[in-house]
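Note that the chains take the letters A, B, C, D, E and F in the order they are written out, and that residue 1 is the start of every chain.
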Amino acid sequence: MNQQVAAKPFHRILLTGAAGGLGKILREKLKDWTDILRVSDLADLGAAQEGEEVVQCDLADKAAVMDLVKDVELILHFGGISVEASFEDIMRANIQGTYNIYEAAHHHKVRRVIFASSNHTIGFYKTTDFIDATMPPRPDGIYGVSKCFGESLSRYYYDRVGIETVCVRIGSAFPAPANRRMLTTYLSYDDLVELLRCAAFTPRVGYTIVFGVSDNREKWWSNHAASHLGYEPKDSSDKFAHLFPDTGRYPDADDVGSTYQGGGFILSGPQYKP
Amino acid sequence: MNQQVAAKPFHRILLTGAAGGLGKILREKLKDWTDILRVSDLADLGAAQEGEEVVQCDLADKAAVMDLVKDVELILHFGGISVEASFEDIMRANIQGTYNIYEAAHHHKVRRVIFASSNHTIGFYKTTDFIDATMPPRPDGIYGVSKCFGESLSRYYYDRVGIETVCVRIGSAFPAPANRRMLTTYLSYDDLVELLRCAAFTPRVGYTIVFGVSDNREKWWSNHAASHLGYEPKDSSDKFAHLFPDTGRYPDADDVGSTYQGGGFILSGPQYKP
Amino acid sequence: MNQQVAAKPFHRILLTGAAGGLGKILREKLKDWTDILRVSDLADLGAAQEGEEVVQCDLADKAAVMDLVKDVELILHFGGISVEASFEDIMRANIQGTYNIYEAAHHHKVRRVIFASSNHTIGFYKTTDFIDATMPPRPDGIYGVSKCFGESLSRYYYDRVGIETVCVRIGSAFPAPANRRMLTTYLSYDDLVELLRCAAFTPRVGYTIVFGVSDNREKWWSNHAASHLGYEPKDSSDKFAHLFPDTGRYPDADDVGSTYQGGGFILSGPQYKP
Amino acid sequence: MNQQVAAKPFHRILLTGAAGGLGKILREKLKDWTDILRVSDLADLGAAQEGEEVVQCDLADKAAVMDLVKDVELILHFGGISVEASFEDIMRANIQGTYNIYEAAHHHKVRRVIFASSNHTIGFYKTTDFIDATMPPRPDGIYGVSKCFGESLSRYYYDRVGIETVCVRIGSAFPAPANRRMLTTYLSYDDLVELLRCAAFTPRVGYTIVFGVSDNREKWWSNHAASHLGYEPKDSSDKFAHLFPDTGRYPDADDVGSTYQGGGFILSGPQYKP
Amino acid sequence: MNQQVAAKPFHRILLTGAAGGLGKILREKLKDWTDILRVSDLADLGAAQEGEEVVQCDLADKAAVMDLVKDVELILHFGGISVEASFEDIMRANIQGTYNIYEAAHHHKVRRVIFASSNHTIGFYKTTDFIDATMPPRPDGIYGVSKCFGESLSRYYYDRVGIETVCVRIGSAFPAPANRRMLTTYLSYDDLVELLRCAAFTPRVGYTIVFGVSDNREKWWSNHAASHLGYEPKDSSDKFAHLFPDTGRYPDADDVGSTYQGGGFILSGPQYKP
Amino acid sequence: MNQQVAAKPFHRILLTGAAGGLGKILREKLKDWTDILRVSDLADLGAAQEGEEVVQCDLADKAAVMDLVKDVELILHFGGISVEASFEDIMRANIQGTYNIYEAAHHHKVRRVIFASSNHTIGFYKTTDFIDATMPPRPDGIYGVSKCFGESLSRYYYDRVGIETVCVRIGSAFPAPANRRMLTTYLSYDDLVELLRCAAFTPRVGYTIVFGVSDNREKWWSNHAASHLGYEPKDSSDKFAHLFPDTGRYPDADDVGSTYQGGGFILSGPQYKP
């Protein structure tokens, strides 16, 4: 049995945010990669399944994170807040939390992190723009700003101490697109897992920003700067296109949802309540 | 029956140049999109078919064009002269005519125009160049210059009053390539219609220049700046490649047809007669 | 006397639009370059001075222009309409007129034209943009569109028959800036003449677009693509800065005059009267 | 006397960090611009001088900052920590603090902020690189990461609610360069004030990143993307070059101080103590 | 039978280096293109087969090369040394040899050469870089430097006397990838032949640099600058990916083989023996 | 006296090609930089002056070069052939010779080389182009190709073993311009020395290509990629402009001297004799 375990490529991977929407998916999918999948969240994760270690952990707690990262070879950092919330909550979870992850990674000599960034780092580009990872960020909310922070911080840890990071700017990773915009930003779960596989197993990734998106027809994002990952999406939102049929009813010129890549999310910032 | 009609995405689309080569094709193909297809041309268009309105109209006649555009939601502007001709004729049809279309569109609050531009706007690039829509125009004739005018004018109407335009730089839209050059510039009728569909139904297009070309093997033109349209050509000129078999007989260094993207068209300007 | 004449570098230069604002200035300044300065305008030009030929000419009259250009070595094409006007007037003067000039130049084997283009070819760029001659035009009016036409047309005549053109995108060529915007767009008369000198005497100019602007502090335009002209402005609008003193009263976010490079001109189009 | 006061362009400017190295300089220099200069710091600022309001304020205190910004027309945000320190201290002062400033600016309808960013946002570029403001940040420490956060945050507030920001990536603003590296990064106090003047009084700045550096001979940074500010440095480090005489003693290949633009600062992170 | 021969597109093609690894493959594959395939090498090539001419030739022998090229329409220049060797040997074979080929081509009015360049012209780019043919060379050995020489020399012969060249930067053209790096650089024999077919039969190629690589998942090289060749690889290294299974054992940060595109080849220079 | 000597920044600099046109100038100018200036040439150099070592040396003689470079801290490699000559002569002097220099530099741990490259590496760009050091070389002769070789080789030695090189693409370094083209390419002797000073004393240069040109009015070359050198030319060809007065006599369209940056040099290749 030990030999069988030894055949997996990683001995221990840490997945933060394992109780979240994507975390639950990944908790199932990553087990073939690793002898032990350590899953953590602030929320309850249930009992450990076979091949798992379960750690309830507040990412803002530096000491707890230091323990969490011990003996880990790879971190998939999906923890934190993934919607607009109060600045203080986002700062605690996404800024302090991500710093804690990197400090612990540095302390424990983890060599690679896959960071769940977001398309909301660039949500204020227009839907008629075609952008790539070298263009300046244009976040569309405090959440997006916090992801920009994570991208800056991980750039620093790579330049300074050599921790490799793949920042995955995740599009819309749901079972199906929920509106017409998501026909462009859709990322199927299978493609997400495939992209993470590329990010985890490419021998050298340095510091790479990649857009997490399926092979949808309409495109806003170019992954040419991440070609070395070899990510080839297999899915497309086309099979959902019938849900949002063609129509000649153009939105108004100031319709946020169709004007900016970030869509309606742009309007969700709590600071703009009347 | 009324309900059936109501199910079409547009109520009324205007197609100018409907008696031309492409106009005849489109007159058949667009009917699923619109309750009423208003077709116009200077030439005779025959009787109106079901779901059609037929208007004989000289595009250089400002008042006539003002009437022509009334109650229209979308214009496919394929009218005018599409070959080299005298400057005065081209100015009348393509310059005055296109201005009349945009003025009428502005007056009648039409929100989008699809403008039949041409690869002859960039025909003086070399066949070893790979270009995109952001590069400066290099027209290869007076016809091409008039299309550059249409592209400038429509840019202005978008910036000034918000009329969206997709400029389609049409390659060689014929049943089949007629020479080796057209293996690179070929646009199948099906791909043309698909591209127009993308141009008509994408919720926001702003001001977009797109090359109208099938998925041919040799490529001169990149559509990365129009990725948001989601245009995916399905056809290729490869099935016609056997008509122009491989040969080691390189053309002379000053052979215009193989040197410039515009091909032999470059030589057709009337002003160069001896 | 004949020897003295022979010492001038050109035998005959044609200046169109010689009765216009800049034309009057140039009529004085160009005489050192040429034995004979042929000046033309639709308006009255007074009697011919020494070394001058005066031709009253409607540029839209093809035959008249053909005569006008005869025996000329260099054309400074400053004729036409230089403000917003009706489309038909602009088309006649600037589109038909410029075509006539190039056809005549081709017929009479004139080897170079200096074309008075305008910053209004790019007036819809923002005042926070820094642009160069390779970026796509964004005209801010029908006048600007007509200048884009001239730039396309002259590109064609260079590629097709080798007539060299320098398109000078003239900024604000007045005795002094008339508003704060013109601190950025100001072109002194001396710098204008110096730029024209560079355009006329550089041995090879091919097809060059250059911004006609003095060495003002605030800059929107880069002339790196015209470095071969060796144009070095000597003047600056700084000496007029006191006329528009510093103030903390920021214009409104939708203030056209401070938002777009074209300034208030953008609002002057006749088609937008209520 | 009141009239004299009324002649100043601003009524009230807020300067945060007024007790810091640059704050002290600016406290003297800005008085001509404003009737009232409100100065704040966590540290003691002494008594208010004529034309001043003195507010001791912890920028991490949201309510206090809300009061601080009241009735202000322009903010020069120089507050926070400007060296490497513990992450928690930097997060509190520079991340929470800058957020508080922008929230208060939004609440009080302040229309422009000048943000003291730093060359340490890009300190991991090499000394043989020539960079501009559109290139991705490469911070060289936690301090630099916090400045990247400020740049992302202010980008968001401009895109979302229209607050204009000029991010000044300050070089080495000291009386004189302290080492050879600073010959390249030196920013004289006079040039700093001139740059701030440009940032404060240009009618429209949108979102602009500008490098704060004098006209030194060796250059790493291009300000072409901020040309609209009209910033023209008058000083150069050349007069200090004799302090660091030419020598043929090349540093070792891994000498951080000469390899990276951030210089020895790169080594100052507290997390790298043995 | 003669007529059948006459139907081949070329009458005589020269293949140098025909005894080398790729030369042997090509000797078989090219026969359909040409009535006569002249094969040459320094090494023994055996007896001439049908449709062949065999010439043993030292490429450094100018007179011999002059004879070799006589009556040839197209040259596939695969001769010379293709591994690290002493500088003198490489200079003789690859520098003098390639010069001799081009001089002879010029003398005998050969209109096109296909030059076997190498990925080792750019081997010092990192494996996280995505590069194209317009970026500066970064050779990874003396062999690579000699191929850079060939690329410069052929550029000159095109600009000066019009000999067209396609420089094929061959990746790893072997029956199968021999290590994980070659999953990215793999070029199948079929794709090599297809690329050479494109290079030989495209009517105009001017001076083109193209990367010789199959459609592998991980990509370092963009062929957009050679789109006019119409090269579409059919193979992928994916079918060999199981030979180099996924593993979490990241190489050390200074592992040359995974850091640079040139892989271990970088270490093979003879001049670095202890 | 020994102390005085010790105050010079270098102990020993090697100047190759010291008997050449520029070598003679530099032999005088460099003495302030170094205790000992070792000068070498194939030609006679006369007796050693104070502070000199004179070595007659054939750069193609590997053993001789190995001795030549011993105990040297910096090499200014101006040796070899600087005009069109037979390929074999150029290969011997410039290709074998430059290789010998770098091998010896590597052996003797020399840390920096200043390589006299040439504008003839890019002489086939047009006189209307504005180019920089990142653009692909377009040599205009065999001499230019040999300089491209030196640039590739030195790139390799920097990437592989860390020898820094500044490639100086020297324009026209003569007492005065000899024709109109040289008004653009002129490099005064003082500016040459200043550029070499920058190249020698900047603490880190990595691998830098810089154009050696004075601050002439017409410009073809941008040195933005070498901004870190801090080179500021003081001279201009303007004071010689009167030697080549303005004229309206445009050269023919195919006049090589005015069409290409390399000027008439392009025609000097020996292989093109009839």
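The rule is simple: a contact is a pair of C-beta atoms (placed from the backbone, for glycine too) under 8 Å apart; a residue touches a chain by one contact, two chains touch by 3 or more.
The structure presented is a predicted model; accordingly, all values stated were derived computationally and were not measured.
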Inter-centroid spacing, chain D versus chain B (mean Cα positions, whole Å)
51
Whole-Å distance, C-alpha centre of chain B to that of chain E, is 42
Going by residue number, chain F touches two or more other chains at none
Based on which chains are in contact, what kind of graph results: line, ring, star, complete or other?
other
Who touches whom among the chains?
A-B, A-D, A-E, B-C, B-E, C-D, C-F, D-F, E-F
Under the definition above, what is the set of chain B residues touching chain A in their complex?
9-11, 33-34, 73-74, 111-112, 162, 164, 197, 200-208, 224-225, 227-230, 232
Would you mind writing out the residues of chain B in touch with chain E in their complex?
126-130, 180, 184, 216-220, 222, 245-251, 253, 258-259
Contact footprint of chain B on chain C as seen in their complex
87-88, 91, 95-96, 99, 103, 106, 124, 134-142, 144-145, 148-149, 152-153, 155-156, 159-161, 266, 269, 271-272
